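The following pair of complexes shares a single chain, subunit A, combined with subunit B in the former and subunit C in the latter.
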Partner chain A sequence: MFSILIKKELIAILQNPKFITTFAVSSFLIILSVLIGINEYKNNLAQYDTGISLAKSKIEESRSWHSINAIAYRKPDPMQIFVSGVNNDIGRFSNVSRQGEVKLQNSSYSDDPVFAIFRNIDFAFIMTIVLSLFAIMFTYNAVNGEKEDGTLRLLFSNSISRAEFIASKVVGAWLGLVVPLLIPISISFLLIISFDINFRFFDWSRVLTLAFVSITYFTFFIIFGILVSSITKSSSTSFLLLLTFWIITVFIIPRVGVIAAGQIIRIPSHAEIESQLDAFSKDSWKNYTTQLSKTWNERRLQMEGMSESEKAMYEDDNSWGWMQTDDKLRKINEENITDYSRKLFEGYKNNRIELRKLALTLSRFSPASAYQLAAMNMASTDIALKVRYEDAIQLYKEKILSHASQKAETDGDSFGLRISMDSEKGISVEGGRDQNMLDTSELPQFAEPSYTFAQIFEPTIIDISILFILSIACFGLSVYRFSKFDLR
Partner chain B sequence: METMNKTAPILEAVNLSKKYEDGMLALNNVSFEVKPGEIFSMLGGNGAGKTTTINIFLNLLEPTSGEAKINGIVTHESPLEAKKNVAFLSENVMLYPEFTALQNIDFFVKLGGKLNYTKSDYQKVLKRVGLQTEAHEKKLKGFSKGMRQKCGIAIAILKDAPAILLDEPTSGLDPKAGHEFVKLLADLRDEGKAILMSTHDIFRAKEISDYVGIMNKGSLVMKKSRAELQGENLEQLYVQFMAGYMDTVA
Partner chain C sequence: MLKLLIEKELKEIIGSPKFIMMFAISSILILLTFYVGGINYKKNIAQHEAAKLENLRSMEGIKDWRLIEHNIYLPPSILASLVNGISNDIGRNVDMYGRGEIRPHGSVYNENPVYAAFRFLDLTFLFQIVLSLFSILFTYNAVNGEKESGTLRLVFSNSIPRGKYILGKILGSYAALSIPLIIPFLLGCLVLSVLGIQLKGSEWFRLALIINAGILFMGVFITLSVFISSVSRRSANSFLLLLVIWIFVILVIPRAAVLISGRFIDVPPIDELNNKKNAYNRELAETVLNKLKTFKADGNEDLFAQFEKYMEEVNDDKDEKMNSFGSKLDEERKNRQNVQSDLSLTLARISPAAQFSLASSIIAGTSLTLSQEFLSQAKNYQNVFKTFQQEKSGGSSGGGMKMIMVNEGDEPPDIDPTELPEFVYKEANLDSIIVASLGDFGLLIIYTFIFFAGAYMAFRRFDLR
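What follows is the complex of A and B.
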């Protein structure tokens, strides 16, 4: 019985003139997006390779261990082909030097702002927006449409249970819509292979998980469409309701979540933080000067009544100690400021992390955001990518600088001159542009942040669970509602 | 007649009552039975409770009290079991507009549990009910009411269930189609089906029925066999019972 119902649903979908069009459009969009993604990835990779050799020659040209200048490049991730995420929003490299802060710069969008306006149409985008809409288009009248057509009575004059009917709607629509979707997805995978994209086992696991999550998301919309069609009387009502829900879940909640989080956690802007720091350091320096002049006054008082020669002698005796005291005071003051600044920025960073967490939590009320978050996690193009890279670059900076300091001590570093000692040749001093000034071969290499599959899968579990729970709840609800549906 | 009375009824209404949520008493203690090879006609005007009765037999409605049985199975207790034994034809047969006649028939007949028919079996029955061959592969959306009705009858015949429920099956059919339909129904009766038909067509009811019941305002006000109706003027009886009712109301 069940298989007969499913077969009928399948025939209904496949015979529907909408079907060929939507299948063609979604296949075309998916394949096109993957082709564009592949092209972009290859460009990014070429850019990355050029960058790496540029950075290498720059390091080799360094003349002093003190002014070593490295560049760390963000390595393109092949998963960006499917989910570009923040890939184009964050910078591609950061300078690594003693003076400069670690900061990713030159994002694709800052290079070419026009793309920022149109964003990237990638696989995840097509799933989020286009396919969810298609799912609704095929299910909005699944149940109430049969009532409108008058076929429910004849159908239920047979030995069919209501739950069976709803289940056949879900399974039929799922098979009719999801199985065809596997065709463009498989073609995308073939493109990955034929374009020689370096997909490791790790990447295949990620992309297959992405496909799984995408299908779960799509399934949610199929079931939701069936739910709404089983709780409304007319198909025009259910279509309007679903369209409204679609707009809210795809466009509104994700944004409202971020805005609402911003309202709940007020964080001062970067500029505010800086002016706060500025005020603090001005204050401390003022304190420092008053204290300094006070000490000097005290010292002058101690010398009162001394003759000029006694004074000179007294000063001679104490000046070293005084200098040390003054220096200590200055150092304490400097440390205070650094301390304060560190705390301030740490608090700022923590606040931002809290804000992000809250924004994500709030926007997860929308299945579309849950899906997008999961997709970005799978592709490692999520919002935390910037922080992960900057942390890795910071680590690299510390390594490289400590290596440089060590080298400067052992090899000597006299502003571009190398002094080497040799038992036979004696002391020799080398210098000059044409010579390889520094032996940079042992310089630490930048290690990109790397993760295991488990590490990226773990934060995705919540989003996958949300989609699963919502789908099951909607299915349960539509079975329940349909048990009260007036079949006449 | 004697032997027939001994066989168990296929369709049975036992003190069936239905009160809608708005307080409307649509059925009031209705009892009747239909045995194999019998046609029972419920005769009554609009709002008499005919469709309500049939809906209870199909478990599309729950009775407020009493029970409807098909093959001895109480429909609101084991609807899935009960419905295996019944075919149904509504006043206005509605099928899937995007499916062809044959696709519709294939679906509904298989749903009725008959999985072994071939396409030529379908075509044979469609010919028997008078649907022209050109229409077999056409989508239902262009079909007239009469053509849809023919498909519905074909489905009912192919389901080959012991009981057949017909809700005003001839309303809206032209006289020729109506006549052909009645002939078909007689054939089905002769095959041993128990047929319950609601109608407000007195002439057809008299022409074909083994028993006629007159329904008025939810009550079965009269029930007579073909023998009892012999020589009686059913039209007069009908008017009489309606009038009698009117009197009691007044």
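What follows is the complex of A and C.
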């Protein structure tokens, strides 16, 4: 009997004119989004390659190990084709130098704001908004609609348990709606292969998990539709309720959750933090200059009364030591600034992490948020992407600077520009070492943050669990409610 | 008769249980949008003021204006908090030097990606997603629904022209859906006042224009729904069709138009430009060095001052060349970007949602021109700042090293940071805003008339039985 019920439900869905329209629309949208995603990914890759050559030339132009300048670029991830997440919102690269702090800058949207106006269309977006709406459209009258048509009493003239009826509704709707969806999803995978996108086994695992999470999310809306349909008497009421729920879960809760978190945890703006650092840095350099000028005066006083030849000899004897002292002073000052900067940005980062945690906790009340977060995690285009990259770049900075310091010690360093003033010879300018003289071939290369599938999957467990628990709870509640449903 | 028809429609909508629910939801969302916009604005203002203060504090104790490199910020605006546009996507800070290339950085979404993932609640979102959907929900069965319930024949047992009937349907629905919304909108304005946010007269006017654009946009959906309802026989079909149209108009066409057509126009990536600028800068730096090496003092008198002046001239020359090279590249990119945005936005304007979104962002001052305008005003300010630095200390910051000689016991006093010329971002004037948004207003009106005409034509052939 159960299989007959499923068959009946399946036929009802497949023969419904709504089905053709919604199937055509969702297939078209999924394929279109993947094609757009492929195009965007290829553009991002081309831009990344240009950036890498810029970074290379920047390194090559360095004249001194002390003032080495590098740029670390964020590598596009092929999974952005399916879930763009915050990929276009966060910076694409960070400058890496002794003075500046690591900070991803120049997001795609800030460089080309025309694409920010309406934002992106991707697979996750279609699932979150369009397919959840379609799921509601097919299930809002699953139970009360049958009552309105008078077929419910007819059905229960046979010996069917109420739980069996609800289960068949869920399974039938699931088969009728999810299985056809696999067609455009499979075509999308074929597009990935035919457009020669570098999808490794790791990426295929991620995309298949994404498909699984998407289906779970879709299933939740199918079951929720059946639940509301078994709670309400008229199908028009259930549709209204479902539409309201859909607007609230898909559009309102995620936004309100994040905004509420922003109000609870107040963090200073980045501009404010930068200005604080700037103020400290300027104070430090001012103290350094005062101290340096005091030291130079002391040295000058020591040479007072010496003849020119004695002075020259004295300078020759002491210049190396003086240079080392001055350099030590400069390094201490730089370290102080770096230390202050690290503490300042660490605090800022911790605040942001707190904000993120709270925002995600609040927005997870919505299954749509749970799905979006899971999808972004699987695609590694999630909210923490920026922090992960900045941490990796910070590590790279430490490596590259330590390498530069070692090189300066072993090979000797040069200055960028030296201006000497002599009462006899006047002013003379030297340009340090010639261009391309630094052997930068051994400089450490930036390694993008890498993760295993388990590392990516771990934070997703909570969101998948939320979707599963909600689906099971809705199913249980549907069975319970329908046991009390007035069939007349 | 028309009055009667309008009244009937009005009563029918307002008397339906759907209306209470939808009105309650819309009212809550409108008030929430104003509240969230208001508190965000206040938070942004506090951050903006704190950043400005820190900026001034960082100049304390400095003795020479040539050492000043400071920051300027795009100020928050209440209308930008209510209609976000691209205001959170673009850089809002500029590191300011007397010379050298400046570029805005630090977008809200880059700083806090958590906001980028779910975005903010604003009026554009409210009208585009929620109120347009509600408009459909109340009017999808305006004509065929009456036929299904048998009231259509009853109505036409009186002598009513079909045109008047359609007009009555549209005007009645329009009035029933838009007039009640005025109450939450007015309450929303009150929320702003309660939060202590004072809007200028022009800002109130612009806010009213945005709400008008939104109501006009709802009108497009109301007439479209009546049109579809008179084309299709069954209300279930018209609802399905309208939902598909809604998905395309709101979610697909604007995005796909920009993403697809935008890529037809080849805009050189910013990194490519940076590559070229970098190479040229390297070349110029070499020239500067060679020039400095050839410095010959004119006698021993005031040697340092002579060198300082010479270095300033050499750096100015380098800056001029770099600026002209950079400006040419930037100009080319900007022109390509303009062609790209013209093409993609023209195509996106097929959708009334894009028309409304663009109109509201133009009025709120958060449209595509915001980033170009901020950069252009920042560049103008750079000239003011450079002149100020030169007047104060004979040189400017940025674009090379500085040599400042301080004789012992003859230290100059600290600079007074409050003397620094203030950067004031000037928004476009009301006239130009109105002119710029007229096209989109016009398109919304045209769409409304087209759908009205369509509904009228379709209903003339409608089988009343």
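Following the convention adopted for this analysis, the second predicted complex is superposed on the first by the 389 of 488 C-alpha atoms of A that agree within 3 Å, B and C clash if a C-alpha of one lies under 4 Å from a C-alpha of the other, contacts with A are read in each partner's own complex, and residues count from 1 in each chain.
Operating definition for what follows: contacts are C-beta pairs under 8 Å (C-beta built on N, C-alpha and C of every residue); 3 or more make two chains touch, one makes a residue touch a chain.
Keep in mind it's a predicted model, so treat the numbers as computed, not measured.
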| item | value |
| --- | --- |
| Which superposed partner A:Pro367 touches (first subunit B, second subunit C, both, neither) | neither |
| Which superposed partner A:Ser161 touches (first subunit B, second subunit C, both, neither) | first |
| Partner chain(s) touched by A:Pro184 [first = subunit B, second = subunit C, both, neither] | neither |
| Which superposed partner A:Ser53 touches (first subunit B, second subunit C, both, neither) | second |
| Touching partner for A:Pro76 - first (subunit B), second (subunit C), both, neither | neither |
| Touched partner set for A:Leu5, first subunit B, second subunit C, both or neither | first |
| Which of subunit B and subunit C A:Gly176 touches, first, second, both or neither | neither |
| Partner with the higher number of touched subunit A residues, subunit C or subunit B | C |
| Contact set on subunit A toward subunit B in their complex | 1, 4-5, 7-8, 11-12, 15-16, 149-151, 153-161, 487-488 |
| Contacting residues of subunit C [partner subunit A, same complex] | 18, 21, 25, 29, 32, 36, 39-40, 43, 47-48, 50-51, 54-55, 57-62, 71, 73, 85-86, 89-93, 104-107, 109-121, 125, 129-130, 133, 137, 236-237, 240-241, 243-244, 247, 251-252, 254-260, 262-263, 267, 269-272, 274-275, 278-279, 282, 286, 289, 292-293, 295, 297, 300, 303-304, 307, 337, 340-341, 344-345, 348, 354, 357-358, 361, 368, 370-371, 401, 403, 406, 408 |
| Subunit A - residues contacting subunit C, complex | 17-18, 21-22, 25, 29, 32, 36, 39-40, 43, 46-47, 50-51, 53-54, 57-58, 61, 85-86, 89-91, 104-107, 109-121, 125, 129-130, 133, 137, 240, 243-244, 247, 251-252, 254-259, 261-263, 266, 268-272, 274-276, 278-279, 282-283, 286, 293, 297, 352, 355-356, 359-360, 363, 369, 372-373, 376, 382-383, 385-386, 417, 419, 421, 423, 426-431, 435 |
| Interfacial residue positions of subunit B with respect to subunit A in the complex | 55, 58-61, 80-81, 83-84, 86-88, 90, 92-99, 103, 107-108, 110-113, 152, 155, 165 |
